[in-house]
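Some structures are shown below for you to check.
Two complexes, one shared chain (subunit A), two partners (subunit B, subunit C).
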Partner chain A sequence: MNHHPDLTPGVMAALSWFYLFSSILNACASAYISYGELVSEGASRDDLGPKTISMPAWLRTSTWVFYGFGGLFLLINIQIAYWLLAAGTVLLAIFSTADAALFAEHESHDTGLKASLNRHQPAIGIGGPLSRPIISAIWSFVAMIFAAMGMTYALGAEYAMPQLFRNAIDNASGATSFFTISTLAFIAMIVYRKLVANGILAWAALNFSFLFFGLSLTDYDFRDIVTKPDNVPIIGLIYLVAYFTWIGLRRAVINDARMAKGLPNLEELGSEKTLTWPDLVYTELIAVVIGTVFLIVWSILLQAPLEQPASSTQAPNPSKAPWYFLGLQEMLVYFDPWMAGVVLPTFIVIGMMAMPYIDTNKAGNGYYTIRQRMFAYSTFQYGFLVLWVVLILLGTFLRGPNWNFFGPYEYWDLHKLEPLNNVNLSDIFWIQWLRQSRPSAILIREAPGIFLTMGYFAVLPGLMYAVFFKKYVMESGFIRYSVLAMLLLFMASLPIKMVLRWTINLKYIVAIPEYFFNI
Partner chain B sequence: MSIADKITDNQIWKSVFRHPMPTDRRNRVVVMLTNFFLHLHPVSVRRQGIALSYTWCMGGTTFFLFLVEVVTGVLLMFYYRPTLEHAYNDILNLRDVTTLGLMRELHRWGAHAMVIAVWLHMYRVFLTGSYKPPREFNWVVGTLLLVMTLLLSFTGYLLPWDQLAIWAITVGSNMARATPGVGVEGPGASLLVLNGVPLVTSFSDAKFALLSGRSVGEMTLNRFYVLHCVAIPLAVSLLIMIHFWRVRKDGGISGPM
Partner chain C sequence: MADRPNVKDILAKARAAQASSEGEQPAPAPVAEPVPVASPVAAVPSGRPLTLKEKLAAAKATAASAAPSAPASAAVPAAAAVVAPAASAGPAVKVPTPAELGRPLTLKEKLAAAKATAGGASAAPAAAAAAVSTAKPAAAARVLPPLAEMSDPKDLVEALRQTASKPVAGKAAVAARPAVKKENLNLPPRPNKNAAIAALQGTRRRFMIGTIPAVAWVILAWTTFSVALVAFSAMLGRFFFPNVLAEPPSTIKVGPSSQFEAGEVNERWKAEWGFWVVRSVYNGQDMLYALSTVCTHLGCPPNWLVSEQKFKCPCHGSGFYVSGVNFEGPAPRPLERFKLSVGEDGQIVVDKAQKYQEELGQWNDPDSFIPV
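Right after this comes the complex of A and B.
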């Protein structure tokens, strides 16, 4: 018997629901585009006409009948519920698009002009008008595909991700590629932010992530790691961070475009006062109810982990810190504990506290903007997204026994060997370059590294000043600049050491193990 | 007289709620001033400042989760004894025997959610530039809250006393051993010698102070229990009070000037 089956009845049932859920989301997106008022952010609702809805009443009714009975059957027979909900979703997808087209036709017929309302005008800064029927049709189509995939699993088809595909991904992935691609993706996001801010692209990306996740779940090893109870919140973290990054970016793009046109930004539009009761108090009440329900459902569905009783002699392999510290644990690959575990975390905390005092840019206070604070925005965001969150993902999902790297579909083999042929700078300098044995006096032996490190902290600030920060020092003073430069250099030290490790296998720049002083 | 009137039209009710249901403008103002919990809020707020698309509701969510942790945590304390003999079994019983044995799940998932929520809150405050004057200090208070939240979670991780717990704490606290100057394996510690006697040993270094022992043991459990259930929650409570006070005193939730 196969103890590591890719597909089990339980997994297939879960997948059928997962795809149904993705399908419902897309059908709702289609309906939203078709029937929603679609007032773009910042536009006024006033001059938009009422939105007429016309479609065969029986079609509309039957959707809700399917959904209604589907919801009911959730409590009685889960399989019947599945098919009812699936049927309702397909109907919803069909008539959303049909109505969008019908409505567009009415519009141009009534006005004799090219229809305006069916051309959704996105917010200022997000691009040109979009055809509602077409966009609606796209999401309906995606909804159908997801629904079909879900039904396939529900009917018992055993489709797993092709092994070829898994091997290709495993082979392409590594700590190097994972980190490099994340960094490049981050840069692309900032540079092409106008495109990213577009809801269509973001929704497409979401759909791709569903597809990727659904396919990946057919792999035993992937599932084994992702569904560890303590790892489940991290999946939530990925989606939440991605969503909020996108929301922030979108609002910043809109604001930047508005301000460039001399229009008030979105936050200025809502600056009038409103009474706390009921507007805020009721929002809080609803949030509390949602939060409570959410936590209770989560707690019923997923049991808190409890492993074997503690044993101080049997260390599990890998031994991992709690997930929120795995970014720091990942840094241990590149730095000794005193740096990764003490100095760098201290600098993160101090740096965060110092931030309001060194960011003297007055613009961008109380509203989203990227253009007005490009440097602060992208530096902090890179730190949070890539140096913190991405490293946590790497440490959680892709680091296995002995902290070796494993591809997402790779079995965590205890005996995987990774060649370790890292060298210290002193080896490179004395042995490879000067072709002599290393001097025995520590300070002389390590002189190259010590000079390099001192140069890094002493020379670079001057250089950075001359090239980038003249204006900043004039305005904000020398002390602020020194703090800023130190923080930036410490932050940059991590990617720098990563690159040095990947390119020339460098272990330590300064290596004085005699005093536990390795950099 | 309707039942609702009967409930509200008596001395007891009126002594608790001084004013009728806030349905008109005057009472909507007054209720914010006379209710202890509501007076946390100002009477009126900028519309944009309470928009979900602006705050993401993440500060409030963090606070909500903190309260959930306090309530479920107190319930867990009724059952849990922080000793080597009992800790693990008490957790087992909480799962298998206790009525409403959901408290541990609520507490653990709430804790994870709180860590995520506090990060997202910080992220939002950054993205809207809300740490800029006059809110610099509240950002500093917030950073302390962030650290405290992580420490709360970290100290709690040990309490179930299973393999996951002690090894995660072992990995985490091994870092303390390498603290410069005060950890045995930290740079510089071996230079601190007085009359030939090393000052920093594995019995006196930072890791020892953290674990109250050379490795994770019963005294560590006790120490983490006290930190987790008393010391850090008190500190967080105080900091949250300051944090909320300052949100008000700094001019309410930020917005374009």
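Right after this comes the complex of A and C.
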């Protein structure tokens, strides 16, 4: 259902630059792998032989010439600038791989060498040694592909994401599947954290996200949502959150592997101190300058997303909270405002405050670790990543008019029909199961829900104790456990309620609108 | 600040007496020594360093004693040196040390000690003579490091301060005398507040005289501030009683019932009045009713979607049938109805002041709808 053209000259120009940018990143990665002195975290270069291959001067010069002139031509003729930059990128990609391959061949002849910086050994826990020529070749290849895609757009050829794909993704991305996939991905991230921590796989994931993003931008509706000034920062948020999560996870994986081998962890190796002057102050100064420039450019390029004057009888459709509250707004879809707006946020805040008192595990103090703090890490990250960040993404990109759920490539149809008929648990119990009308006495009517809720809070703590928390109670005492169990149950109530809403259209477990009490 | 000694003072006195009669623990300085050397360290529990409070008290005592000790010793060489002037006139001539008490000093005791020493300082010259007979028990007073040996900057500052105010001390001594006299009976020295007060007043008076303009300014400032505060409060209070109260009327005529077609949701009054007039069949009856445009979930205004025949909220997706009954999304209860009545001219009047909620069974109220 397309009301607008997917590709316009402006979009194609932007896409050609987007792919060029991705290509440059990959060419640089290739050159880094080929020429860089890769020293892994926690490894010392002191006992390694020197790096014997370095970037040839002619390549360095010519790359800078291409990029320099490219930059210059940005002001004069943007087309010429594009081709200059593209040529420089291709040159860099080709020759860094070629050099790596050539050197590998040389090195394979003299075997008696001691370990050298040429043979890169990733950090402990990350995996086996990697072959520079192969990795360099892969990134060069990716760089060439991206460059080719960009050039195709620059030459005026139109290609867009196949409609088949879009439909498939739209169909797959219901609220249910989106949330379920996020949860599964989160579990996978923790279980396969050794793979995730691998820099090569992470870089590959980054490339896939570029490809996905670039292809998606060919869709009008996707572009429309993503390029809203409101939503641009959320794209940044995806990459920032992903990056910081990854870097913490990687260091934790390395630390865990090191400690398993009896080695000191990374934080013990590095000196914690740095000179305030000039090191820290200069760093801060540079960060301040860059941040200021970035904000100024941003505010010039993207207009402030102001809307119509506020009115008590007209709300924008959809009416979205500020991005940082979109998780809360999504919670409000599943709960009474009293619950989602007051009780649950209070528990979030109280839970945060209670953390230091509940957490009696002294491991992980001053260093990254997952193994020693599995429960704390996974619980917090689930609450933050899935129950907050993912809900922000969902609210930003996938909630459309009338707060309906829309796929990323779906037209925001004001009249999208989503047949929903939410029912309370009392309806299900009395009318559907017992085939009788609901009793008029409120407490009897809501008895099933009340018993269920009470059971949830009364039985589950005991069950959890028996299955998971015996050791914790021994160590930390019963009161701490009670608080922890309550907080956990409240946290779990959100996904539980969401799933119930999606699966059986459950509105409220206990519904007493007469007294504004709905759970 | 009456002359009457209070419990604390008596207690302090008694303790001082006991301490001095019991023995030499408070270590009066050797008589021959011209300068009292017995530092607070002597009187302090040996096991720990001085606390800040103790240092302060000590500093005051020393300063008091050190300064006037010279003239005093000139007059009565034997006594003056030992009986630091503080001893003769101060109320807590003997400052009980934590060591003697077996507990830390209370705030009151510290205060008393500080006052005593201050008073003693000023009363010194006069007291010196009397001290010969009476001072013995009092010799236990905190005699503190002399100027030359002061290491704590606080001592120094205090000493300087006391030196600065010394000239006034002579006057205060007159006041101190009666108190000193009483001590001729071989009683433990009584607390003499007068001396202390007089000494204090001496300084205070001079302070006041020198700074009358400043005080006047302070008074002026506070007065102005208070007046401004009162005026502002009055303004604020006035604000709650506006001259014109633009409260919209709660009733509006929406026209005769014949004007509304079957199944119609009239949105004419949504923007300004916040209700829809709906003609629809509810409970098997064709009727007119006015539905509030406030979502019962969180108060957003839902939109009427003709094609789907439902009200749909843009904020969290609550949906309501044309009857106003909620069926999807988080809204916990149906939209509210407003009161309807037929005016004398046959026009329907909507009264927003009266609400009817379905979950309370109020939709059966004949005022909540008009049968058509």
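What we mean here is this: the second predicted complex is superposed on the first by the 487 of 519 C-alpha atoms of A that agree within 3 Å, B and C clash if a C-alpha of one lies under 4 Å from a C-alpha of the other, contacts with A are read in each partner's own complex, and residues count from 1 in each chain.
Keep in mind that, in the parts below, contacts are C-beta pairs under 8 Å (C-beta built on N, C-alpha and C of every residue); 3 or more make two chains touch, one makes a residue touch a chain.
Note that the structure is a prediction, hence the values are computed from the model and not measured.
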Task: Could you tell me whether subunit B and subunit C fit or clash when both sit on subunit A in the superposition?
output: fit
Message: Which partner chains sit in contact with A:P439 here, subunit B, subunit C, both or neither? Use first/second/both/neither.
response: neither
- prompt: Where does A:M353 make contact in the superposed view: on subunit B (first), on subunit C (second), on both, or on neither?
  reply: first
- request: Treating the CA centre of subunit A as the corner point, state the angle out to subunit B and subunit C, nearest 10°.
  value: 20
- request: Mind working out whether A:P401 is in touch with subunit B, subunit C, both or neither, as first, second, both or neither?
  value: second
Message: In the overlaid three-chain picture, which partner chain does A:Q314 touch, first (subunit B) or second (subunit C), both, or neither?
response: both
- request: Scan A:K362 for contacts with subunit B and subunit C and give back first, second, both or neither.
  value: first
Task: Between subunit B and subunit C, pick out the one touching the greater number of residues of subunit A.
output: B
- request: Examine A:P337 and indicate which partner it touches, taking first as subunit B and second as subunit C; both and neither are also allowed.
  value: both
Message: After the superposition on A, what does A:R251 contact: first (subunit B), second (subunit C), both or neither?
response: first
Message: Tell me the contact category for A:Y508 with respect to subunit B and subunit C: first, second, both or neither.
response: second
- request: Would you sort A:G455 into first (subunit B), second (subunit C), both or neither based on which partner it touches?
  value: neither
- prompt: Smallest separation in Å between any Cα of subunit B and any Cα of subunit C in the superposed model?
  reply: 5
Message: Just to be sure I follow: which residues of subunit A are touched by subunit B in one complex and then by subunit C in the other one?
response: 311-312, 314-316, 319, 329, 336-337, 341, 516
Field: Complex contact set, residues of subunit C against subunit A
entry: 270-272, 274, 293, 297-298, 300-301, 303, 305, 307-308, 312-317, 319, 327-330, 332-333, 359-360
Task: Show which residues of subunit A lie in contact with subunit B when the two form their complex.
output: 230, 233, 236-237, 240-241, 244, 247-248, 251-252, 265-281, 283-284, 287-288, 291-292, 295-296, 298-300, 302-312, 314-316, 319-322, 324-325, 328-329, 336-338, 340-343, 349, 352-353, 355-357, 359, 361-369, 373, 377, 380-381, 384, 512, 515-517
- prompt: Any idea which subunit A residues touch subunit C in the complex?
  reply: 311-319, 329, 332-337, 341, 401-404, 414-415, 417-418, 420-422, 507-508, 511, 513-514, 516, 518
- request: Give every residue of subunit B touching subunit A within the complex, in rising order.
  value: 22, 25, 28-29, 31-32, 38, 41-48, 50-54, 56-57, 60-61, 64-65, 68, 88, 91-92, 95, 102, 104-106, 108-110, 112-113, 115-116, 119-120, 123-124, 126-133, 135-136, 139-140, 143, 146-147, 150, 153-154, 157, 160-168, 170-172, 174-180, 183, 185-191, 215-217, 254-257
